[in-house]
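Heads up, the next two complexes both have chain A, just with different partners, chain B and then chain C.
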Partner chain A sequence: MNMPELVWGVVGFLLTVMILSYLIGDNFFFRLAAYLFVGVTAGFLTVLIARQILWPYLLQPLLEGSTYQRLWVLIPLLLSLMLILSQISQLRALSRIPLAFLAGLTAALVIGGAVFGTMIPQMRAVVIGFQPAAWHTESRSSWMHTVDAVVMLIGVIGTLSYFHFGSRFKRKTDSSDLSRPRLLQALARVGEVFIGFALGALFAGIFSSALLAMIDRIVFLGGWIARWVGGG
Partner chain B sequence: MKRIIVILTASLTGLTILAGYFFQTQLANLTGLLIEWGILLVGLAGVIGVGYLFKMHLVRVAHWQKGSLLSLIVLVAFLVTVGIGFFLPPDSAFFRNWVLNIQIPVETSLLAILAVTMLFASLRIIRTRGWTLMSVSFLISALISLILNLHYLNPAIGTAGAEWLEFVRRLPLAGLRGILIGIALGGLIVGLRVLLGMDRPYEDES
Partner chain C sequence: MLVLICSECGAENPLGAKKCELCGAPLEGIVPVDLPRDDQPDSPGDEEHLTDLLHSLKQDDDQDQLFDGADGEISPSPEHDEILEDTEQPDDEPHVPEWLHRIRQRAQTEPDSIGEITQKINAARESLETAQKEDQEQQLQSVLQKIQDEVEQKPPDQDPDEIEDSEEISTPGSVHENWLRRIRRKHRPAEAEDATEILSEREGDSLLHWLVALENGEQTMDELVEEAPVDDAGRAEDTKETAISRGSEQATREIILDDIKGTQLEAMALSISREEQARADQLAATMRSDKEKRPVQISDKPAFNRGLRLGIGFLLITILSLVLFMGRPGERVSGVAAPHVRDMAEWVGGLQEESMVLLVMDYSAAFSGEMTLIATPILRGIFEAGAEVSTLSSAPAGRLLFDHLVEEETLIDQRVVTDLGYYPVGSFGAYGLAHQTLPGENEPESALTLPVKPFDVILILGDDYEGVMAWIEQIKGLKPDVPILLLLSAQAGPLLQPYWESGQVAGMISGIADAVNLEGQNAVSSIHWFAYRVGIVLMILMLVIGMSFPSSREPLGDDGGER
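This part shows the complex of A and B:
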């Protein structure tokens, strides 16, 4: 093992012990490692933004680009200046234009992503389960496909019903009596079960990953201790 | 007047991007340019955020407040990382080692702590929420998924056992699809409200 490997190994060992010490309670060493992590990550983020975003999209075209490129950079330069200057409390109102630009851009990207990236593919996947032509591509029997498709449809409708908080106003009885339609209530109960299944599976996935990380750290610590004790 | 300009900026930007989904070839350059500007502003906002973090720790150190030693560590780690990152070439092995050999052990160890925390949290769910339909289905699903993730159950392909196992594996998908569609519907409504000027998150409420 050469010197840099040894040094980085010791750093990794110490940081692992410091973070894992949180298991016996919040302490100074845990916070030390956490603050070091915050500092390094903030620095890395700054370098990354400067090198991957600010330089290629703003500074390079401005300093080394053609006249046409420089003209096009004037708008983002102006927006950037407005955003920077708005940090001065007297000029706070300047941030509205760049933030409005960002809000409009993000809203449109969210709409596009929601419709074309999530809603259409997910609804298609539910509907396609009822299409017999697609069944022959898999090894499962047709009755199992039917059961699967029906359960999937009920699950999706139930889950959406669970999150439906609209209520019906009952005129004949007490004016404050607001209730969800009975069908919606029944579907919401079914949805509750399916949401439980979904969250349970997600929990199991994250828990498995976390457990693997724990095993990795224990193996790492064990390896280092064995190396020191063994003198290797 | 100022308000109209601001609302128009948000709406026109959003509508141009939305139009880009339908007229991809005609508007590709324009939408690409707008997205580049957006990336630039997000990056700049990130730098401003880091600047605030730096300022906060600097003030704490300058006034020697409680936790100033830890703040000093943040400042030193930040300055060293920025210094190495700017003075060494982008593909420098030392810079990579400096960042990764601190980030990876800390992140992995935090994930390891998460395993213990999640275990206790899952045991506590019954105590806080009681035996509800959701908590029971959550626990059953978590247990079955953990067993299935071990890959001990491997019935032969084409058998009834394999078909049922596949069915159980796919069961959480129904809820996940519902949740995803729900999130998408929420995103769609919020996005439309911003584009139509009904919600104006860019306005300073103070």
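This part shows the complex of A and C:
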């Protein structure tokens, strides 16, 4: 074990123990490790953005590019300056332009992606689940594929019904009787079951990942101690 | 001195006058009256009715005039001061007595209380005046004569009230007031009965009763003080009410309180209704509770909880350590790979030399260990096939994680791995990748970060379903023909499974379970898999125990950061 390995091994060992000290509650060592992690991450991110984004996409074209390239990067440069100048109270209104640009662009990307990348394909998947040609060529019988498709359809409808918050229109509205139609209520009950399964699976996944992270740290600690005691 | 009393307005007119100097009413037939004082000035406002005056006081903003004639000092008790501080008294009226302030408050909350009395009494008086219009002069004369006779014939042992009346008559400057008062007393019973009858229905309205009693002359201020009612809660109001009369005879309005002796301030208690008292108690309790120290709920077993937590943690770590370092490394792993895992393996096995593979690093360093176990067999297959690999990071440490991922793989030739850089936002990176447009002729060379050749497969390594979902949505929306493979942590797998079901994802591996099933008996992570299973059993056991025996149901303080 050479010196760098020893030093970084000690640092890693101490940080791991400091994080594990949360077992006895919030304490100074845990907070020190957490703050160190946040600080290192912020510094690393700053350097990373400067090196991989600002320099190659903004500064380098300005300094070394042609006139066309310089004019081209003036747009993001101007928007960036507007965003920075928002720190001055008198010029705060300028930040609305780049923020509006970002908000609009992000909304367009997210909405477009959600519609064409998730909603339509998932709806199509529910429908074609009843189509034998789309079934996987496995040893599963056709009735199992049909059951799968039915369950998926019920789950989709039930989940959508659960998130339906409208109420029945009544001419003489009684505030104590505002409720969804009974059919929707029944479907929502079914949707609750599917949502519960989904959240349970999500929780189990998080649980599993956390456990593997702890196993990884234990392996690291054990391996480092073994190497340190064994003399490398 | 003989004067003529106007039957319309009551003003004194000199003997011989044909018309009233004040109202212009004819004075013909008016019998002259001999008054003790001949220099008594007349005032048109002398006949102000008490309730009218109070009603006008309620609306009168110029309260300072009320104190102009007060010779006594207003010396409220300390309790009185506290109450005045608690009430919302305007700053521009700092010297308004509390009794008047209460009247105003009651008038604001019950706008018809005083006005109703006034209206009723005025109506009764008007009806009385209308009915007795013709006999008024004679009655006035007879009454005045009777009063004078009584004064002259008053025996020494007369009752105090009569003595008071005689004193008032003999008092200079008060003859006119006494005259009006006696007229009012004579005619009051009829109107007072109406008002009392109306107000008797308003139970608990002590202010109205007080006004009526005071108007009727049935109670003096002293009697009211003695008969100060006690509220339902058994608390007597300690505040003293002050009565003020004006001494200025030339003022437009003059308070005539018969039984207030001079300007002496008398204490008077007002009854407080149950609702008022309840609100006052609530307000007092609130103010007191704000000042008091609130009890801090601290678990009575913090040391036990902390010790229990520590013990369980050490137990778990110890057991996992024993399994990891003392277990048999050749633990047999058996399992059947799921369809999406087999699809993944088929895709990787089908790669050819010079195939373009893009690795999207979208996981954080915390999941480095899990991703190493999951991705190692897949990466080995990719590099064994001789594919050309490019990396693109949407996580800050993506490139570092890739280096850590492949550092021990001897098959990797770093020369064929192209770093496409870092995209802070996954959606933008995926969108740009999906377009994959070449920079223009005049654009900088540095913009040429994406390879020209379309990728044969895109492999996404992710730990968060939202980030991976953004990549899938953007790429499949613009490049539906490019297959996508997923290497996911266990927490991201369940919510991304539908994308494989729908065919948007060609294959996926989620968690160590899928990775071990893919490798089977030759899994390099077999010892981790064994420890993982032991840990899962332990954690399930702890969850069951924790649900069965909750350590504490009370919210804890900052004793240990328990959540």
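The criterion applied here is as follows: the second predicted complex is superposed on the first by the 216 of 232 C-alpha atoms of A that agree within 3 Å, B and C clash if a C-alpha of one lies under 4 Å from a C-alpha of the other, contacts with A are read in each partner's own complex, and residues count from 1 in each chain.
Keep this in mind: contacts are C-beta pairs under 8 Å (C-beta built on N, C-alpha and C of every residue); 3 or more make two chains touch, one makes a residue touch a chain.
Not measured: the values here are computed from a predicted model.
Visitor: Could you say whether A:S66 touches chain B, chain C, both of them, or neither, answering first, second, both or neither?
Guide: Only chain C; A:S66 stays clear of chain B.
Visitor: Please indicate which partner A:A125 is in contact with in the superposed arrangement: first for chain B, second for chain C, both, or neither.
Guide: In the superposition, A:A125 contacts both chain B and chain C.
Visitor: Touch check for A:F207: first (chain B), second (chain C), both, or neither?
Guide: Both partners, chain B and chain C.
Visitor: In the three-chain superposition, say which chain, chain B or chain C, touches more residues of chain A.
Guide: B
Visitor: With the two structures laid over each other on chain A, which partner does A:F163 touch: chain B (first), chain C (second), both, or neither?
Guide: After superposing on A, A:F163 lies in contact with chain B but is clear of chain C.
Visitor: Touch test for A:G112: chain B only (first), chain C only (second), both, or neither?
Guide: Touch partners of A:G112: chain B and chain C.
Visitor: Mind working out whether A:P181 is in touch with chain B, chain C, both or neither, as first, second, both or neither?
Guide: neither
Visitor: Of the partners chain B and chain C, which touch A:L54 in the superposed model: first, second, both, neither?
Guide: first
Visitor: Once the structures are superposed on A, label A:L36 by its partner contacts, choosing first (chain B), second (chain C), both or neither.
Guide: Only chain B is touched by A:L36; chain C is not.
Visitor: By the touch definition above, which chain A residues appear in both interfaces, chain B in one complex and chain C in the other?
Guide: On chain A, the overlap between the chain B and chain C contacts is residues 20, 22-23, 41, 44-45, 49, 52-53, 57, 72, 106, 109-110, 112-114, 116-118, 122, 125, 152, 198, 201-202, 204-209, 211, 213-214, 216-217.
Visitor: Where on chain A does chain C make contact in their complex?
Guide: 20, 22-26, 41, 44-45, 48-49, 52-53, 56-57, 60-61, 64-66, 68-69, 72, 106, 109-110, 112-114, 116-118, 121-122, 124-125, 136, 138, 152, 198, 201-202, 204-209, 211-219, 222
Visitor: Over in the complex, which chain C residues touch chain A? Could you list them?
Guide: Chain C reaches chain A through residues 306, 309-310, 313-314, 317, 320-321, 324-325, 339, 366-370, 373, 396-397, 421-422, 424-425, 427-428, 431, 442-444, 446-447, 449, 463, 469-470, 472-474, 476-477, 489-495, 498-499, 501-504, 510-513, 528, 531-532, 535-536, 539, 558-562.
Visitor: Could you please specify the touching residues of chain B with respect to chain A in the complex?
Guide: Per the stated touch rule, the residues are 2, 5-7, 9-18, 21, 33-48, 50, 53-54, 70-71, 73-82, 85-86, 90, 97-99, 101-116, 118-119, 122, 132-146, 149, 157-158, 163, 166-167, 170-185, 187-188, 190-192, 194-195, 200-204.
Visitor: Mind listing the chain A positions that touch chain B in their complex?
Guide: Residue list for chain A touching chain B: 4, 8, 11-13, 15-16, 19-20, 22-23, 31-47, 49-54, 57-58, 72, 75-76, 79-80, 83-84, 87, 92-93, 95-119, 122-123, 125-126, 139-141, 144, 147-148, 151-152, 154-160, 162-163, 189, 191-211, 213-214, 216-217, 220.
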